[in-house]
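The next part holds the structures, each set out as structure tokens.
Here chain A shows up in two complexes: once beside chain B, once beside chain C.
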Partner chain A sequence: MRNSKTLTTTLVLVVLAVVGAVLPFLLSHYYVDLLTMLFVNIILVSSFRLITIIGDWSLAHLPLMGAGAYASALITGTLGWPFWPSLLLSAIIAGVIALLMSVPLSRTTGFSFFIASYAAGEAMRLCWTRFRQPFGGHTGLANIPDPGSIGAVDFSRPIPYYFLALLITAVCLWLMYRVCRSRIGATFHAIHSQKSLARALGINVVKYKMLVFVIGGFFAGVAGVILVHRMWAISPNQFGFTPTLYLLVWVVFGGTGTFAGPIIGVSVLTLIDQLLDPLAEWLPMFYGAILILTLLFLPEGLEGVPKRLQSWYRRRQDGGKASEDSTTPENVTTEEQD
Partner chain B sequence: MIGQTIANALITSAFYALVAVGLTLVFGVMKIVNFAHGEFYMLGAYAIYVLYARNSWPYFAALVMGIVLVGILGAVTERIIFRPLRGQLIPGFIASIGLVFILQVAVGRLWGVGKMKRVPAPYKGEVVRVGGVSVDVQRIMVFVGAIVLIAILILFLNRTRIGRALRASAQDATAAALQGISVNRASAIAMLIGCAMAGAAGALMAPVMSVYPYMGGMVIWMAFVIVIIGGQGNLKGAILASALFGFLDTILTTVFDSTISNLLITVFLLVFLAIRPQGLLGHAE
Partner chain C sequence: MAILELQGLRKQFGELVAVDDLDMSIEEGEIRGLIGPNGSGKTTVFNCITGFLHPTRGKVIWQGEDITGQPPHMVASRGMARTFQLTNLFRDMTALQNVVMACHLHTGMGLVKQYLMTRGTKRRDREIEEKSVAILEAMGIAHVKDEISGSLPHGHQEALGVAMALATEPKMLLLDEPVTGMNPSETKDMMERIKHLRDTGITILLVEHDMKAVMSTCEEITVINFGRKICQGSPDHVCSHQEVIEAYLGRS
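Here is the complex of A and B:
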């Protein structure tokens, strides 16, 4: 069972790698840039999912991505540093800001955490709006340098930038996956499902809440850096509340139970976005309907679909006597009873 | 100058309280953070725009009709969306975000997104002057309307059977259910009243400000902050916090500008929550 599962995973990864390597040469530049933005959003949702493991949903994630973007825009633009050190430094800056935010945030849970995390992100955003030096105010920053070139590879072109983003995304996903699978990741899960027990075992809940927030903030910062160097300009509104809502839609639609869930969610919805382009004015309504229908009828999100089909199929075969098969313990499923 | 600031702060406080009281009632009974509360406020303002400004109903008839319609819509959304998610904090919050999207697009498609709608004031240009303080009649109506509605709500919660049932469900849903109180009905009534009050706030404010599909976003965060600071689900706390923020906001905006005021309020909120996560009048879990 386990072997066949790793085999499937490997196969999926190989197929994805091949498709990812070939795709940009088949598509127009518009779609290549679209895929690059999809990579940015994949890092974003995965780092967000990392935070949700511990049980609280942050509304400061887009502002933290913005922190990475603003940091890199200022470091490469105003200070004139090259791209690569700026990538690391900006992500660290986002992580440090996340650390500062997590001091008050780690003391709150539930509803208070929502509001406090929103307030923390908004406080930062208001600073970008208010202080024209160095953040540029409402209009934000423009003329952000591109990553330059290494040898003959010019990263200001769409396809080389696509591969740059692909590489960084792959590295980030691998790192985050390792974190999830590590002892630390197990502790995050434990805090979510059994908070009092975790506390009784001597786990410092506040420390871990801060840690997960800082890791999430770091990777959100990386996403921001990749975003900013493909855009000519950024402004505070790009990291405001509306994009945060879209992040929530992606994550809920995909499901937070597994690592792949949010990634599938954002990929499918990006595709649907493109298909529904002529109906752009109606798009938020469509998203709202998806959100509500998912929560009501598919609480685990898209990732729950195969399992549902499986159990439905088995129930049909056994004439309703099938018992629940729980192969993924991290999935807290609320099976409907009929 | 000081008298004028106090008058403005009082009116702002009453308006905040009217919005926040409904939100905290819904949270108390259903344990659902209704992000769409701001959209019910927006719908109240649109009721005035459609009935009074476009179809020239009398202002008070439009006001009452708006409150009733928004309340009923609230109860309908409770039945369809929120009942299955009751007590689940994150799913409930996210479903209400879905509702925000739907209501904003629906209103935008029906009555247009682009231009902000101006609603003519029912009492044009009438201003009350006391000493050096001048307030226009519509703002006085906001103040009086808010206080009357909140007083009615408090009487209802304390003096009637249904009101007491609501408070019991808010305190302990299981115990209330064991006493024969239908938690479903309590939730529907809480949503009906909570949304009606948001609608009332929108309907009262419509002649004072511009009416547009995204106007709910302006008030919802302040209402959330008030509910949190007051202690979640705590009515008295919410009223107290409304007064606090009404004055804080008015004074900071007068002294500095609105961005600095927002910034200081968010920082204040963070520090407050770090020190006292359960709010002003809340109890620790």
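Here is the complex of A and C:
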């Protein structure tokens, strides 16, 4: 059982790696860049999902991504550092900001956390707007340096940058997956499922809430760095409330129960975005509808679909037998409501 | 010396006085019963002792040290373990995983080590697992260790709750109604195990509704009503006490 599961996982990963390696050579540069942005969003949703394990839904995640983006833009632009040290330093800066935010935030739970995290993120975003030096105010920062080149590989080109993003995304996902699988991840989960019990067992809940928020902030920062170096300019609005809502929809649509859930969610919705391109102005409305429909009919998100289909299929078979005995419509409706 | 002492403990929720200047002292190695009618403040006393509630005034003295107002995880790390009514398990984990999680205090591993999963960490994990199985055996539920705890029968769940408290290696165990909903033979079994724990040197404070269980297990019983201590003494003394009889009969 376990062996066949590891085998499936390995197979899926190999297929993904092959597709990931071949795909950019088959697509136009527009779509290659789109996939690069998908990688950014995959890191973003996975780091967000990490925080949901402990039961917190943070609205400061996009601003933290912005912190990484702004930090790297300033470090490479104003200070003139190369890309790689800036990547690490910017992510650490985002982590440190997350740490500062988490001091008050970790003392709140549920809805108060939700609102307080929004306030914390918004406060930071307003700083970027308010201080033209060094953040550039409303218009933000422009002329952000590209990562340069290693040997003959020029990372200002879409395809090399794609592979750079792919590599960093793979490393980030692996690191985050290890967090989930470690005893630390189990402790996050325990705190979510029974907080009082966890405290009675000697678990310092506040410390773990800070820890998960900092880890989440660090990886959001990495996402920000990959984002910013593929863009010519960034502005505070990119990290505001609307993109935060998109993040929430991706995560809810995919489901937070498994590591892969949010990744599937953001991938599927990105694909749908492209299919609906001619109707782009209707997109926010479409996202709203997706959010509501998911909450109503797929509370576990896309990841709950296989299980639902299974039970639906079984019920259909049972229902088929049952209908031979009695075909009262009332029976059918009550069954469907389950 | 008393292992735990409450001095003038008081807890008010607005106008309501849940615990009213309670004095209580528990000796090391004792099995103490804390009983009282519904809503008499027993669980509030528990919560004040273990740091889940801040007492309005008064002191909680643990081994001669004032621990009033310390957060629950600190109280736990000092050697006081408690169980809960109802919310006593991580329901989607297996029985073994529950106890392993409860070993948190004594894993002796920093966060970095836990993350890196070095060979030393893995060996330590195996040791913890063995220790957890031993605890499950002591509570008589080792045979269900790989079952999801939320779907275990009620008696096993209660035993698992106690097993988790034991995994924190406590000096004192505070049990909140451990035999609620159990049949007489399960109750007897649980009480035997509790007595056995006392014999291994763990002091026990037992909050319980089941009078028969308390009477047969505890040497000393404290009775509270409306947050006030109305009587304390041996089971016989308590049973014949006029105010206790009134408190209980008045309820029914």
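Criterion: the second predicted complex is superposed on the first by the 315 of 338 C-alpha atoms of A that agree within 3 Å, B and C clash if a C-alpha of one lies under 4 Å from a C-alpha of the other, contacts with A are read in each partner's own complex, and residues count from 1 in each chain.
The criterion applied here is as follows: contacts are C-beta pairs under 8 Å (C-beta built on N, C-alpha and C of every residue); 3 or more make two chains touch, one makes a residue touch a chain.
In this text, all values refer to a predicted model and were calculated from it rather than measured experimentally.
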item	value
Combined model on chain A where chain B meets chain C, clash or fit	fit
Which superposed partner A:S182 touches (first chain B, second chain C, both, neither)	second
Touching partner for A:V171 - first (chain B), second (chain C), both, neither	neither
Contacts of A:G110 with chain B and chain C, given as first, second, both or neither	first
Which of chain B and chain C A:V12 touches, first, second, both or neither	neither
Which superposed partner A:N204 touches (first chain B, second chain C, both, neither)	second
Chain touching more of chain A, residue-wise (chain B, chain C)	B
Three-chain overlay, closest Cα atoms of chain B and chain C, distance in Å	9
Common ground on chain A, meaning residues reached by chain C in one complex and by chain B in the other	none
Contacting residues of chain C [partner chain A, same complex]	50, 52, 71-73, 76-77, 81-82, 84, 87-93, 97, 101-102, 104-105, 107, 109, 111, 114-115, 117, 125, 164-165, 167-168
Touch list for chain B against partner chain A, complex	27, 33, 81, 84-85, 89-91, 93-95, 97-102, 104-106, 108-109, 113, 217, 221, 224-225, 228, 232, 259-260, 262-263, 266-267, 269-271, 273-274, 277
For the chain A and chain B complex, residues of the former touching the latter	57, 103-104, 107-112, 114-116, 118-120, 122-123, 126-127, 129-130, 241, 245, 248-249, 252, 281-282, 284-285, 287-292, 295-296, 299
Footprint of chain C on chain A - complex, ascending	178-179, 182-184, 186-187, 189-190, 193-194, 196-197, 199-205, 211
